[in-house]
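See below for the structure under consideration.
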Amino acid sequence: MSHNKRLRTYPLTKAKHVKVHGRTTQTRKPLTLFWTGSGIELNIKGSELWIEIEADYQVYEPWISIVINGVPMSRLMVTAGRHWICLLRGLNPDTVKNVRVVKDVQPMSSDSRCLLQIHALKVDGELLPVTDKPLKVEFIGDSITSGEGTIGAKEETDWVPMLFTALRNYTAITAEALNADYRVLSQSGWGVLTSWDNNPHANIPAYYEQICGVLTGERNEALGAFSDYDFTSWQPDVVVVNLGTNDGGAFYSPAWTDPASGKVYKQRLNEDGTFNEEDLQSFESAIVRFLVKLRTCNPAAHIVWAYGMLGTPMMPSIYRAVDAYKKKTRDRNVSVFQLPNTTEETIGSRSHPGLSAHAKAADELTVYLREILKK
Amino acid sequence: MSHNKRLRTYPLTKAKHVKVHGRTTQTRKPLTLFWTGSGIELNIKGSELWIEIEADYQVYEPWISIVINGVPMSRLMVTAGRHWICLLRGLNPDTVKNVRVVKDVQPMSSDSRCLLQIHALKVDGELLPVTDKPLKVEFIGDSITSGEGTIGAKEETDWVPMLFTALRNYTAITAEALNADYRVLSQSGWGVLTSWDNNPHANIPAYYEQICGVLTGERNEALGAFSDYDFTSWQPDVVVVNLGTNDGGAFYSPAWTDPASGKVYKQRLNEDGTFNEEDLQSFESAIVRFLVKLRTCNPAAHIVWAYGMLGTPMMPSIYRAVDAYKKKTRDRNVSVFQLPNTTEETIGSRSHPGLSAHAKAADELTVYLREILKK
Amino acid sequence: MSHNKRLRTYPLTKAKHVKVHGRTTQTRKPLTLFWTGSGIELNIKGSELWIEIEADYQVYEPWISIVINGVPMSRLMVTAGRHWICLLRGLNPDTVKNVRVVKDVQPMSSDSRCLLQIHALKVDGELLPVTDKPLKVEFIGDSITSGEGTIGAKEETDWVPMLFTALRNYTAITAEALNADYRVLSQSGWGVLTSWDNNPHANIPAYYEQICGVLTGERNEALGAFSDYDFTSWQPDVVVVNLGTNDGGAFYSPAWTDPASGKVYKQRLNEDGTFNEEDLQSFESAIVRFLVKLRTCNPAAHIVWAYGMLGTPMMPSIYRAVDAYKKKTRDRNVSVFQLPNTTEETIGSRSHPGLSAHAKAADELTVYLREILKK
Amino acid sequence: MSHNKRLRTYPLTKAKHVKVHGRTTQTRKPLTLFWTGSGIELNIKGSELWIEIEADYQVYEPWISIVINGVPMSRLMVTAGRHWICLLRGLNPDTVKNVRVVKDVQPMSSDSRCLLQIHALKVDGELLPVTDKPLKVEFIGDSITSGEGTIGAKEETDWVPMLFTALRNYTAITAEALNADYRVLSQSGWGVLTSWDNNPHANIPAYYEQICGVLTGERNEALGAFSDYDFTSWQPDVVVVNLGTNDGGAFYSPAWTDPASGKVYKQRLNEDGTFNEEDLQSFESAIVRFLVKLRTCNPAAHIVWAYGMLGTPMMPSIYRAVDAYKKKTRDRNVSVFQLPNTTEETIGSRSHPGLSAHAKAADELTVYLREILKK
């Protein structure tokens, strides 16, 4: 290969006009990407562009997608170590290309060594400013929102990063349809009160105010993952909460015993198969508390509780809880939206919604959000 | 990252059960991949798999796709040098995964340094046999068959490897629908008589009997690209020829002057805009000659001239030529099939058929080939 | 025309094996069809079949559809008077044809002269038994359930029978997908508490226990429309209630003054545009009362409140009311199902859901009902 | 019913602004409708409209469709006798409605008593002018063009008028997409040389210059069906010929013996299953002769031989014939277009192309004709 002598290297701190997507710290030396859908975006006038990226993990390797002019061109595993990855080459040096590098996998709370960082760029031209989109949307959720199962053969059952995507995902599709910047906070298996297996610590609300509090370990602490998030830095127009699916599952899962305290947790079913009312009430109270927190953090946002891609058993509870919150607070900027259920035709891998289920959910959610945003 | 100590490295010559797709030489030390759609396939019982791959180029870098259990999971540029690429990791070690690595780009006749080779594997389990599919199909064509424009934003105009794919392509889609192994021989811009710009050397028939004669340069010669291909090694049930689009374009392009001889070549239009009959006759004779050669090389194959994804101006000529061939030879196992035209809705990047145009063409071609194969 | 001498005429009372669909009286001399989707079904082994039908009206003429072997073949206005209509002719006399005549229009409560009756049949063969479907579904609703707007140009705005259909309707499509016999009770503009314009008499629950109590006039009385319906005669497995859309509209419509009492009725909005809580409570109480009545009349049926084809403003109220009913009664066989909203692409005439909106609603409702019926 | 006293009756000769579609005679006292797709069109400003229609037949009754503002609202059998049929009523008297009455069935050459006539109108408002569309298209064909099988259950096998439609037909769909007035000349089972069963009299070209020469009998003669058609009265921009399917079938059907002369006719297969060349040549000569006749009658039209909805065995012959014609005449305004084949998914009743096959054919033909018409 003949070397491209016009390439120049810039540490991220020196590269102008690199737009960062997703909740992260202020540090750019290097930039740490925590959440799925996070990444960088740039407009390059040049023929060739590389990034220096670093990955680490004990178990779960990160994956990224590379999007050129709005279309995903490449998707790849990032193995451990520090690598230069070529994003594009050989293009007309005089045209401007929009380039995004997107983390395709959620933060892995069970693997404290997971890491994805961007150190530097190499480019043979110039970077031009990236304008913000006219709207901002935040998505909060579980495996559905993490895009688990949106790629891969239907028979795949391993819980591995390869089967997660950020882009074949209702979050990305909705944001693109709305022409919105967006952020995602999601954890597979988690709920608003407990995880699918009754673990009361695996709930998103407890960590909502941190940059990425769902992670663990000293390195993540040192990176600032557990610091308070500055909500003033990015105020969404809409917050979409897609939680409840795992809270529903907890009623059908074995009890969880806290290894520290020995305390046992269980959302109970009545003998006739209905939900225990006391436990249902705990779930509803958790929703109300989370809505209060969301409103505090996002004073002007439309809050939409969107639920239903894997069935709707918790819908009456969600309606009751949102009702209770609204009655209590007189906050009218909160609503419930039912997402379309996944069918045999639209299922993906790991018994999760596939690309077509996400596309359908995005279509319906987009229509709903457009309506809300008119008001 | 904790190292996977069970990984063992095998040079390709020592790795059992690696199925090679596409025309290439007998050498596996290393294996050279020439054509688009070529690659390797394996069934791995293990949790982790790497390949050592080597790329080189002056201008046009290779791209590959990684297919797990029939679904494309990854697509990436392979930059110059020798790299270990992880194909999968962290999967259940006890299940068998089918893995394919597919070259996404055609041989680049204008860049003699283009190279893609596989040297070795690293695996923590065992490889199991890959059975052949019950059918074999060979596709011969131009940019359409090379998948030019099957990915990327509609506004993309650069002629770069990134915008070619082997899998979002009627060849791969048809082969999958027919449950067939397949090979592709294609060159963007080439025809059966001349290229789109009247170059009489840029015709596929002249190189059909070589392993990859469309390439140039000493390294490719040393690699065996210009050696005679052994047709007995892989006899297709069907040969699909999708040529004629560039031959048609030649009538509307400037003349081409041979730099060696100074001779000028031009397919001419009459003053009234119709095709010059003498030149049309040359085109038809080229078809007849190619059919004779195809029949010699593939005595038992159904030969289908499939044409029409970018309009059908040459269709009368193609019918005449196929008629003439059949009359002359009494060979009845040859037919013409019209592929569906590309529309504004189905166009891809670089004004070429997009994924949906290829999917539609594959659907119709599949129905036709199924019918033919019944006979 | 040469006369078919094998035709014989049978008054309906003498015709064996004529299955009657829809709520009506016991009388067959003649048979009166009240509701949309009602009609007769027969299996004819013969080549030719006619019915003698009678229609009357002041304003709103009836329409019928003729369905042969499950496919609508004919749709026509029935003008005033008594007519013989040929359902089929010239068919193979030895095969059995399933034939349905379906009333395409709802009972017209504002036109007391509306009438559609079947007197007799003429057939040149024999009628064979029609077996019941394994399931029975009852649909209760408003204009959506009456199929208003499911045919005709988008720009049509006249409120006329021509623009109603029974078959391009989620009721018929769902019933066919479920392989169910079905009945429909619906009135355009009506609600569970009031009509769209605040008329408290235009509510379906008040008339639910009569054969067709929504009608008026002495002739209808004489025909038995106001008699008590015998619920034991046809017990549905599922009751789908699609009401609430007009109750929601009432909040935005002018007050209605009872011409008899002078009393004024109005569902009120608060100054801030939200629903008045007291009025909302009246709506919810009406739902609870209707559920109690539905359960009394249909002891074993799954009751599904299905709502959402023209937006979901009343959904929180509906959930609250269904919750309240379930808490009060411990009846668990009641649920809420959100139907997909109508979009610009799926809208029909008269700003009502079109055929594609009904088809989509039917698809989703069918999946939901199948799930429920498994339990 | 209360009588609409504003209705006034007009014999067709006195009704202004009634546009007649389809080849017919000059007589309007009454108007005879011969061909499928023929009919009348009017713009009515009024609330109610009736027509007086007369039908007769020995075997095959006529059917009509009623189209309001471009949408089919009604479809009905017209039984023998003279009837008043209400086309619309109760509409806003102040808006203008476009109304078409369309004959849904081809002329029945085997039933000389077939008759469909329109005598008079009754209207309570005024008729306004109907403007001509900017384009004119003539379709010539067989059962496909007659819409046989475009309605009805897949298992239907009776050859009856009920299973024919003019509107669920590629002719109507193409014409609407092109915004064209159109005419259809078609006979089920007929070809360009012979019928499917080798009858050499059942060919369309022989009757092309008459108004409706495919009919028989004295009444049709008296009505003017056999008179010369005045081609200057309506010159199409495009003539689409969809013939060849039955000519192909003739090779596989028994011989036909002329009852008059005793002469036997048969398109022969060779022993190896290929078409006999001499007989193929007769077919091709018939195409050439028909093209010559079409050009004489339609000097300025684009002539498109469109073929392929039930397979393409005759395509090489058609290409050869069109080639031969073009060589002989230097006429360049003639081309071949392959229509998409019917598949298991798109088949209708009587093993003929269904609505979706016709819609697909219309889509592709429309794109092609638009391209041609640009030139």
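Letters A, B, C and D name the chains as they come in the text, with residue numbers starting at 1 for each one.
Throughout what follows, a residue touches a chain if its C-beta (ideal position, glycine included) is under 8 Å from a C-beta of that chain, and two chains touch if they have at least 3 such contacts.
Note that the coordinates shown come from a computational prediction; the quantities given were computed from them, not determined experimentally.
Of all chains in the assembly, none touches chain A and also chain B.
Taking each chain's centre as the mean of its CA atoms, D is the chain most distant from chain A. Averaging Cα coordinates per chain places chain B and chain D 45 Å apart.
Spacing of chain B relative to chain C, judged by their CA centroids, is 58 angstrom.
The geometric centre of chain C is 38 Å away from that of chain D, both derived from CA atoms. Shown for chain A are the residues in touch with two or more other chains, of which there are none.
If each chain is drawn as a node and touching chains are joined, the picture is one closed loop, every chain linked to exactly two others.
Those residues of chain A that touch chain C in the shared complex are 272, 274, 308, 312, 315-316, 319-320, 322-323, 332, 336, 338, 340-341, 343, 364, 367-368. Residues of chain A that touch chain B in their complex: 1-2, 56-61, 68-71, 73-77, 79-81, 86, 88-92, 113, 151-153, 155-158, 160-162.
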